[in-house]
Amino acid sequence: MTTTTTTPAGAGERMTLVAALNASLRAVLAEDPKTLLMGEDIGRLGGVFRVTDGLQKDFGEHRVMDTPLAESGIVGTAIGLALSGYRPVVEIQFDGFVFPAYDQIVTQLAKMHARSRGKVRLPVVIRIPYGGGIGAVEHHSESPEALFAHVPGLRVMSPATPSDAYWMLQEAVRSEDPVVFLEPKRRYYEKGEVDTRPAARPGPATARVVREGTDLTLVAYGPMVATCLNAAAVAAGEGHELEVVDLRSISPIDFDTVARSVRRTGRLVVAHEAPVFFGAGAEIAARIQERCFYHLEAPVLRVGGYHTPYPPSRLEDEYLPGLDRVLDAVDRALAA
Amino acid sequence: MTTTTTTPAGAGERMTLVAALNASLRAVLAEDPKTLLMGEDIGRLGGVFRVTDGLQKDFGEHRVMDTPLAESGIVGTAIGLALSGYRPVVEIQFDGFVFPAYDQIVTQLAKMHARSRGKVRLPVVIRIPYGGGIGAVEHHSESPEALFAHVPGLRVMSPATPSDAYWMLQEAVRSEDPVVFLEPKRRYYEKGEVDTRPAARPGPATARVVREGTDLTLVAYGPMVATCLNAAAVAAGEGHELEVVDLRSISPIDFDTVARSVRRTGRLVVAHEAPVFFGAGAEIAARIQERCFYHLEAPVLRVGGYHTPYPPSRLEDEYLPGLDRVLDAVDRALAA
Amino acid sequence: MTGDAGAGTTADGVRLLAPDGTRVAHPEYAIDPSPAELRSLYRDMVLARRFDTEGVTLQRQGELGLWPSLLGQEAAQVGSVRALAEDDHVFPSYREHAVALGRGMDPLAIPRLFRGVDHGDWDPQEHHFHLYTLVIGSQTLHATGYALGLAKDGSASAVVAYFGDGATAQGDVSEAFNFAAVYGAPVVFFCQNNQWAISESNEKQTRVPLHQRAQGFGFPGVRVDGNDVLACLAVTRWALERARRGEGPTLIEAYTYRMGAHTTSDDPTRYRDAAEVDGWRAKDPLLRLERLLRAEGAADEAFFAETEAAGEALAAEVREGVRSMTTPDERHLFDHVYAEPHALVDEEREAFEAYRAAFAQEG
Amino acid sequence: MTGDAGAGTTADGVRLLAPDGTRVAHPEYAIDPSPAELRSLYRDMVLARRFDTEGVTLQRQGELGLWPSLLGQEAAQVGSVRALAEDDHVFPSYREHAVALGRGMDPLAIPRLFRGVDHGDWDPQEHHFHLYTLVIGSQTLHATGYALGLAKDGSASAVVAYFGDGATAQGDVSEAFNFAAVYGAPVVFFCQNNQWAISESNEKQTRVPLHQRAQGFGFPGVRVDGNDVLACLAVTRWALERARRGEGPTLIEAYTYRMGAHTTSDDPTRYRDAAEVDGWRAKDPLLRLERLLRAEGAADEAFFAETEAAGEALAAEVREGVRSMTTPDERHLFDHVYAEPHALVDEEREAFEAYRAAFAQEG
């Protein structure tokens, strides 16, 4: 559970997703004295995943605040801090523990900008390690993105790679809007190249085609991007060229990129860990069947969690949409 | 704001939706001594909409409990009461005030049956007056159904008529599962016929074709059913026969009935007040384009709230999907 | 710890001015306002009451959708807000009309909200008066966070959060108490205990007097006679001074009464006795200050006449302002969902405008 | 109100048994357990500790995914659970292994949860021991509601809710305190203040000793030496009697220490000093009862040997039981989402089975 704490300085350094997030927070703390981190155990402990490792030591207790154990209190005071000119970045310890704060997020954080007709801005980021696959106990493997995306006023993002983690978190912190930032915890310790030079800073995170293909479009985000890339590699071995799109942003969704891809491939499969019913796949299928009605050669298919609570960890491999289930959906879509 | 408080006894009595709910609660309180009502101001006041009018007087403070002003506390103690053998029916005063209880609903109420692998049952009903159109201030016009439907373990229902209100609420109270029962508050004072005789008790509420038609299927629930029936009447005048389906249950959704209709009509429009993005229309469009891919002659269209917070009441007519917007979607679907 | 001992402490809390208009000595919270100050407090209460009456009337006339009346709570609001320095920040609930006026807010801002023209969209920084908050208790956390921010800035300013007796039951309010205590935030929790949360009386919300709640979180709680404008001023000033000195939060329970309905939608005869209301009428906050002013010769008839006239002028301004309010253009619906561009909102705005245009053409 | 005055009240709270094994007199909470009872309490603590050590070991060996150790909290748990009558109901958090054993729970039930075989799926009615609750504080409301139900039934039973020091910051816990106080529910709030909420020490969660929290809600709060099994038994018994008499809730703050890591995933060396841990080692709950037993001749070597052997036998049972646990059939995924048929779950189950069947054929 230890991570690199040195700030990466050069181009193309390989680091874990956790280290990239840590470096990203370090960068925003250094850049803007109004940026604050708040959360349970984020100080000396550095967070249970060590994302904030070393930051309290270097930036002090006033910038990196251990809070009482109360998520509504954390988000509510973060709103107050934002009103007074700060830019709080809140850590929720696990996905399953964001719900005590749901009222503050939905009725206050999401709405105050509109309520004030633009006079109030709430640049608050809510970081949530999310998703399953780490063998955890109950409430530690949830994928609540739909519960935020449905709420006007919130932005929802999820990076899939260390590089995106590094840059998208900075984008979230710099945004004038509240952002729910979902971190794919089962990818925390996977490594990737991160170019941290300011010049490398990309524009706003729109969907990205991470693998080109002609036969079918596979849309995913967060932890499922790697799974879909694996699926595409396997499918290529069987002669099917899948195009893989990483959404990166879940509110808004970059439908243009998805539609452009589907107009070429004629087929779409959407994969996510969250339950399929009322999940992101529903919105994508609905929007794409509308936009690409005459291009679709097969119905849009969805692969995701079942309509059951996240199961005990010994069953999670059956619950999570893995390589085989993604490929099964791909096969069905190709067969149609 | 006064309502009929006498228990209706005969067949086909005309009563408001509020009176039907009141009669329904009266029936379940009389039938089962373990049934309890809990909520803010439900006792002497009879609730701000008078749904519980007279019930505390007749059943006592131990059966109809005014609670402290704390929604998480209400739902959390209701769970405890259910564990001890009671069947609490909770009133949330307005849709916008359910969120402090969201954690208890999502992490406890929805999951305890699965967590215990069936050993615990939580027959708790959460009644919520929902939706807009009554000229109210902020937080009094929300449509949060998607935020519950996405959560495995909850059932979500919404009646559109006094008769359904009467019977579906009883079904909800008798259900061994937790039910989020969404009451279309702008229809509270509309009247309809209610046959309260036990013999009239229908089976579980599945979707119902409330108007038959051949040209296009219009799916709605709760407050939008009446709007869609109006739209169908207008369309009939223009020579288009719309079939209107009232879902009644939002989790689960009776896709069989919808698909059966769409296979005949070839066209589908879904209408709801909630924001379209990640709303119920998304799930219905996704599921139906999958099930009826080769029957659809036009893309499934959705009409609903915009991706903005519910506006000040002077603007709500622009926000709510009214007759004209429904007809516009119908026209577009027919034109495709 | 509770600071509510002393000669001038009654069952209604700390008192400096008795219902009969006589002064009461209190060792801890003595203040000595000048006649001009007394008149000014009185004037603010009269204006607030007149403003409020106009709100009720306008609702009855169909000009407003709803009005939550502050009738009976004028002293609690006028007294407490008078204790604030200009840079102090207020986080109100939804009944703090007198506090709003005390902060210099546009008298039309609140009617606009209750007419449904906006959600209460003033700039909180203009008068250091935050938006009205309708989700009970939420704003106590915002106040705490804001106070924390002030402390981080090294500012000498403080924050006052207003909320009701019913609100104390909400988890958020307890969390705010605890955060404020743990961080020693410069915030005053000003609870107007008007005895009712819609139809629920105090004993349905709490087993003990509300000011005692603070002790369990480690800061002082004081009950003050909420119909005594001088006591409300003095105790709030004391609490703000504590906050400025870095001594952390205080809970003030202003013991008062909601003389009217919860809102214009409410019918209080369903749940409370007229006798109770009558009992409180004898403690009227305006009347007692009027008696003092008269007894001490601090105001003459001309003053009372001028004050009444000012109230009428304010009412007229509100009446005319409300009647001439225009409904905002519906295209503004999409304007401030996000501070930065959002593709979905843009798409929906365009579709909306196209639809409106087509509709206009057809129609 | 706090009930914690008296000769046997130390900074660690009410005490009946000093760390050196000598008895302390306390006027209010005197109990006089027989030698057999003392031995039985000691035995339960030894078994709990051995059970817990085995949990840690099994996690280290990869047999369990996680284990939250109760090391150091044996007296708080064994003492309090011993005060319960059979029909009283317990609402635990996730570290109450000794309470579970004390209620007669199958020793494999909890390891099954931490192995990830189930979510802790025992029948709460079998031993009147509710499911482990991982969302901090939630169960305090369930306990309150359950207690309310008992009161409505006219039952003489009561409820004990277990939670930690960190949990007191959660809004739900304050709401539970308030609901219990307002309704006079027969519930004992048993807070094990083990000084740490993961890496956060008490002063990050509260400004005052936790037992004081209760006063603000109008019921007694008592601190008890949580490493003194006799005091924990006596004070819990007292609180349960209050509850049965209809006098409402009590908060007990058992002042104790988490000797180990928060869970096996945690590394406490990152945030706390070894010296602190050493200081608490001197207050070991088992040691002090052992000293008493020896000093008073209430137990001989054979007893200690037999107790140790019983601990080993329990550990062996757990070890073998855990190693032979089978993973449930994945089709059970769909079995208990709802108590009654749900079309979507049925559809997904069928699709899942068809998929598995096709996969099996292919493979």
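The first chain written gets the first letter, and so on, giving A, B, C and D; residue counts start at 1 in each chain.
The criterion applied here is as follows: a contact is a pair of C-beta atoms (placed from the backbone, for glycine too) under 8 Å apart; a residue touches a chain by one contact, two chains touch by 3 or more.
Predicted model only: the values in this text are computed from it and were never measured.
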| item | value |
| --- | --- |
| Chain pair, A-D or A-C, that carries the greater number of C-beta contacts | A-C |
| From chain A, the most remote chain by mean C-alpha position | C |
| Chain C and chain D: spacing of chain centres that average the CA atoms, whole Å | 44 |
| Whole-Å separation of chain centres (CA-atom averages), chain A against chain D | 36 |
| Whole-Å gap between the CA centroids of chain A and chain C | 41 |
| Rounded Å distance, chain A centre to chain B centre (Cα mean) | 32 |
| For chain A, residues contacting two or more additional chains | 67-68, 70, 72-73, 96, 99-100, 103, 107, 114-115, 138-139, 152-153, 251, 277, 306-309 |
| Per-residue overlap in chain C, given as positions that touch at least 2 other chains | 118-119, 135, 169-172, 175, 178, 182, 204-206, 332, 337, 342, 344-345 |
| Chain D partner contacts - residues on chain B that touch it in the complex | 62, 67-68, 70, 72-73, 75-86, 100, 103-104, 107-108, 112-121, 152-153, 155, 175-177, 251-256 |
| Of chain C, residues touching chain B in the complex | 65-66, 113-119, 134-136, 166-167, 169-172, 197-200, 204-206, 265-267, 270-271, 327-328, 330, 332-334, 337, 342, 344-345, 348, 352, 355, 358-359 |
| Residues on chain D engaged by chain B in the complex (per definition of touch) | 89, 118-125, 130-131, 133, 135, 138, 140-150, 152-153, 171-172, 175-176, 178-179, 182, 332, 335-340, 342-345 |
| Chain C-facing residues of chain B, complex | 1, 40-41, 43-46, 48, 66-70, 72-73, 96-97, 99-100, 135-139, 277, 306-309, 311-316, 318-319, 324-325, 328 |
| Residues on chain B engaged by chain A in the complex (per definition of touch) | 72, 96, 99-100, 102-103, 106-107, 110-111, 114-115, 138-139, 146-147, 149-150, 152-153, 251, 274-275, 277-283, 285-287, 289-290, 293, 296, 298-302, 306-309, 336 |
